């Protein structure tokens, strides 16, 4: 994977590996990624050496409204402490959990690191609604959600690893906004691109988003063609992956489709 | 949390901490609790110092019929032993699994401790139906259920942590009725009040049920008002939690609602 | 359980315990087993000393099309290795994952051992469709599937322990076809009979399939009768399990039903 | 395993399966069992149909003083509750944790059910010392211990699944003495016989203790003989398990040993 | 636990709850805490409402050199990414893993958050040696260590949850120094006081360190006295916890000791 | 990692990826690898793109006799079945568990796949002794061992993930010898080279063993030099990793050492 290092990724002066997050992301790239399946995108990333990009166990609450692509705004939490994490803390408008919600902009994805601890929620119906109203693209968490019956009805992508009625403060202490986090054991850097579908969520390093958008769309189209063939009785050898003959038939099919 | 000790909770002569379960529970209290969400109830309990009251991972089989509130009738099990736990044991009408079902009265909740072991069911369709017909308020278990396709169709709240076709005797030996148990890592004393909704189940110490019923209803109403505001575009600061202005608007809103 | 050893099960010369898989399975046996619930079948097996036959945690993707019974064609995988498991391997028509799909015949069940590792899929939409088109009875895996939104819509029984968009090669290296495997911690020998319903999948040693088919059907009928009684208000003692009186009523009921 | 049912094990009137715990246990039986290894004892139990008798993950703190055999005095705990489980409860001499310690008699084994939860201790140095001074044979727990550095030095068998400095009340509420429990997922009935060695602890149904004591001693002797042969270069076939020739040599060896 | 809020703990302007870490810690406090056992310290914290302060599963590598007390210098890691985490990154002297080691001062404790992931080390022999040479009080991690055979021999407290030869970069990406972290599910704020003994490590909120140092020392002395009595045959009631008579005897004993 | 594919690794006709295991392994290579630490070897493999080579959680029973390097002879097991796995099966000298022991040759490592299930042993004292007497280099298992007190005393490397007195047949059915397996989630192909030390075991693809032996030895020497410097007070920058000056000093040091 030296190619990526060659693209200018280096250690910076502050003691972390510089991740170039200044790449401009075109809306067309997000649109293409939100149309691709997460299965297709993870394959594109796998082919570039990234094996750990899908958020295992994180599932959509409303499968009718779960397709999205957007950039990560991260929220980090640590375990709570009884003396610090009492209900009164939410009176502070600067509390990181609340501030994160009020910071999210159109097209951004709120990504919560909950350390996979499902014993309490990290957000509920009112916070979810506010994020949606602010134009967020989605909420993604490796923790649990509360008010899930209400959120399941919202036309807004929310992906979580579980449900818990328990207030966040019982387990989680939100502590940072927009720092690199781990979510469901996958690294997420602020500005990374996340995409979701009925299966779950994939994290795409920002600098790769544009690079894989077109190949992902191409792969989707090819697989639709292959699926038609397989439904028609074709056997796998020569069809999947396609040999030259199948590829030629695919080119003709594409012409006919358009 | 000394206040509760001040309410007369003390160690008794039999070597256990006396839990005052003689509090009379009004039907109105149960009604209020069954209307409140489990998210609201856990917050009320959290504010009183109880952080571990929600049954994590225990989910309703039929989300269309899962709202309930009732008092616990507990059933304890230990791991089974091959020589003791054979099919013939069920010929005995006194077998605790069967006796528990035939003991449950109207409004009671059968709560099973299965040690979180999902490798076998602890009940199935016929037992579930009998409990329902006896007027039970719900069945709650931190184990698995069998005949789940049938039970999913019943208009009766059944909450479990999993599904397994395997007969209970392969893993579970029912051993006691109406003793204190742990269910999904939450203590449940006979007579405690349980409430359930689409999200799951919360356990309420009996002596607190009446104390939190009204605040829970009030909190629900306030959150409905806040949700309206947030849906209308209000930002979190000043709205959630509400400042004086929002509280005043809430008071007006309540008048208009009634 | 010496009886089964008496039926001729012995160690063979190749160093494994000979499992008699030459028993002929009648279509009527498969039909009877696919009509029985997995709860009924596991009880029949439990009564014959087999306590570990249900695939815990393996669930149907499409509960509207999940009833099946068929014989096992097994696929074994081990953890993948970065230098061996790259996308190009699928160009080889002999790759075991692909070969397994192209080997499955009508009425056979593809059973995948994925060591319970859900971090990658072991198959997806195109492979699933091809197995279906070849007449497979079902796909069963203790791993994850990708393209699950598509497979959920197929009128074909697919049972998995999870969903993951990640390509199989990231975690799994398919290595063998039709060897004994463990699936969800249950032994599966090639030729064993599997049956599935909305609850999950049970594995039946081949030599027992015919032996339990009729008792399972009888048990189902008896339990339907008992359920009617319980719905009508009967108490458990004398009804479940049935005493002589109930059994007599059942015999009459059966006559009336036919 | 019908033989054991034939020995008179039946369901009793109180709704539990009657376990005959009135068998008198001779000191010679305990002596023989404490000399046998747990590996030998579990094999004897396996041959009688009991597959789940070893406490997995429960290990001796002081391997120089861990051999024991004695009868179970059980202590059950459930999850603690913040309002009930405060330090003052220990002022009550009837508190079950304290009462259990003061009840244990010479040759008895204190067996704690901690639900495998290692987040707090269930006893510490002072309680352990008191049990030892009262003549207990051992302490066995599927939870954690505190003051482990001190207990490791005591010439007294203590077996635990972990170590935690945290006071029991943070997680455990002792609730019952001498009821059937599960410990490390193995059923333990009051009066059952437990035996321990450097490897761990095995639970022996009381009625079987005498029955297996001699076979266990015989098996140990045979395996010592086989080990000698294997150390001398013998191959496994014919030696382990022994064929007639090896058995004859063993009989001679026994004569020479005595 | 309002008392602590009354001591001036409040939400600050940056959106996190202000934790007052400016309390001056006297050397005498550290000395007292390093002499107390972790069992004693967790009890003192439990009595002040803090139930989750012991690092479960984190154990000393060298039990002969594990007593320490010092203030936390934290290091946070997230999951690694294949393109970013290659061996060359360590050429950068600012890499956070290296920078943390070179930042640690006398009496400080390096505390690593490894998300409980034991699949790779987060440090090894050379880094451990450098920290020791810089005067660090200890290294504490909820991850694994490599070169453990070497580190076990060092006269320096190192506490870990496991051992793994695998280089950190395979799993961990060090990302931050001196931010609040979770370690073994316990919150650790930079400047908090950690103390360790043969049993493990406890985390003490900085503002409480001085408050509990003397009571902990007193409790230790009392328990030494009680232990003497119990070793001499005293029963628990009246002794543990001590009644007035025992307390009086303790006062006399103290006089005699000095 | 295309280089390795370029070395001739391809899919073969039998449907598996051809792994070239015909490489001749010199004794000098094994000697070098057994002197290197597993930490060094995993780093060498990591630098060649292999991130998952260390057997997490598999530990030596006798740390005084645990250094080894040898080639893998694998044994695969699946879950046992009550009717097949009874004590009599061991009378068959061809039983795979016994046959594996009698097949192992000098310098070979018996590697057992136990699916990480620690509920029963997969071997004990007599089998371990026989393997040792046959000249095996080591026994490695991701399961448990029985007779561990005895095996701990043997001057023979045995690495396991746990201890269980329970006979293998209760959980494991040995089924195959010398097929590719997964052990502790790492792929092991027959003929792969395993090396062990006090920390654990690493698996080296056979074709890489010679390639990494010398670099591993070099790395060990360099790290010994660096350790000397760090012990002498050197800071990490410029020392670890070494800059040109440090490398020059190392070259001088090597001359002085020889």
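Order of writing sets the chain letters: A, B, C, D, E and F. Residues in each chain are counted from 1.
Here, a residue touches a chain if its C-beta (ideal position, glycine included) is under 8 Å from a C-beta of that chain, and two chains touch if they have at least 3 such contacts.
Computed from a predicted model, the values in this text were never measured in an experiment.
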Next item on the list: Please give the intersection of the contact partners of chain C with those of chain E.
Entry: A, F
Check: Chain by chain, through touching neighbours only, how many steps does the shortest route from chain A to chain E take?
Finding: 1
Checklist line | Comparison of B-D and E-F (more C-beta pairs in contact) | finding: B-D
Check: Computing the C-alpha centre of each chain, which chain sits at the greatest distance from chain B?
Finding: F
Item checked: Equivalent interface positions on chain B and chain C, same or different at half -> different
Next item on the list: Would you indicate which option in E-F, B-C or B-D repeats the interface seen between A-E, with over half of the contact pairs matching by residue number?
Entry: B-D
Note to self: So the centre of each chain is just the mean of its C-alpha atoms; given that, what is the distance between chain C and chain F in Å?
What the structure shows: 35
Next item on the list: Provide the list of chain A residues touching at least two other chains, using ranges where the numbers run on.
Entry: 51-52, 91
Note to self: Judged by the touch rule stated earlier, which pairs of chains are there in contact?
What the structure shows: A-B, A-C, A-E, B-C, B-D, C-F, D-E, D-F, E-F
Next item on the list: Quick one: which bits of chain F touch chain C in the complex? Just the residue numbers, please.
Entry: 1, 4-5, 9-17, 19, 49-52, 78-86, 88-89, 91-92, 94-96, 99, 115, 117, 173, 175-177, 179-182, 185-187, 205
Next item on the list: Enumerate the contact residues on chain E facing chain D in the complex.
Entry: 37-39, 41-43, 46-47, 51-54, 56-57, 59, 63, 197-200, 202, 223, 226-227, 230-231, 233, 235-238, 240-241
Next item on the list: State the interface residues of chain E toward chain F in the complex, per the touch definition above.
Entry: 82, 87, 90-91, 93, 98, 101-102, 118-119, 121, 124-127, 129-130, 133, 146-149, 162-167, 169-170
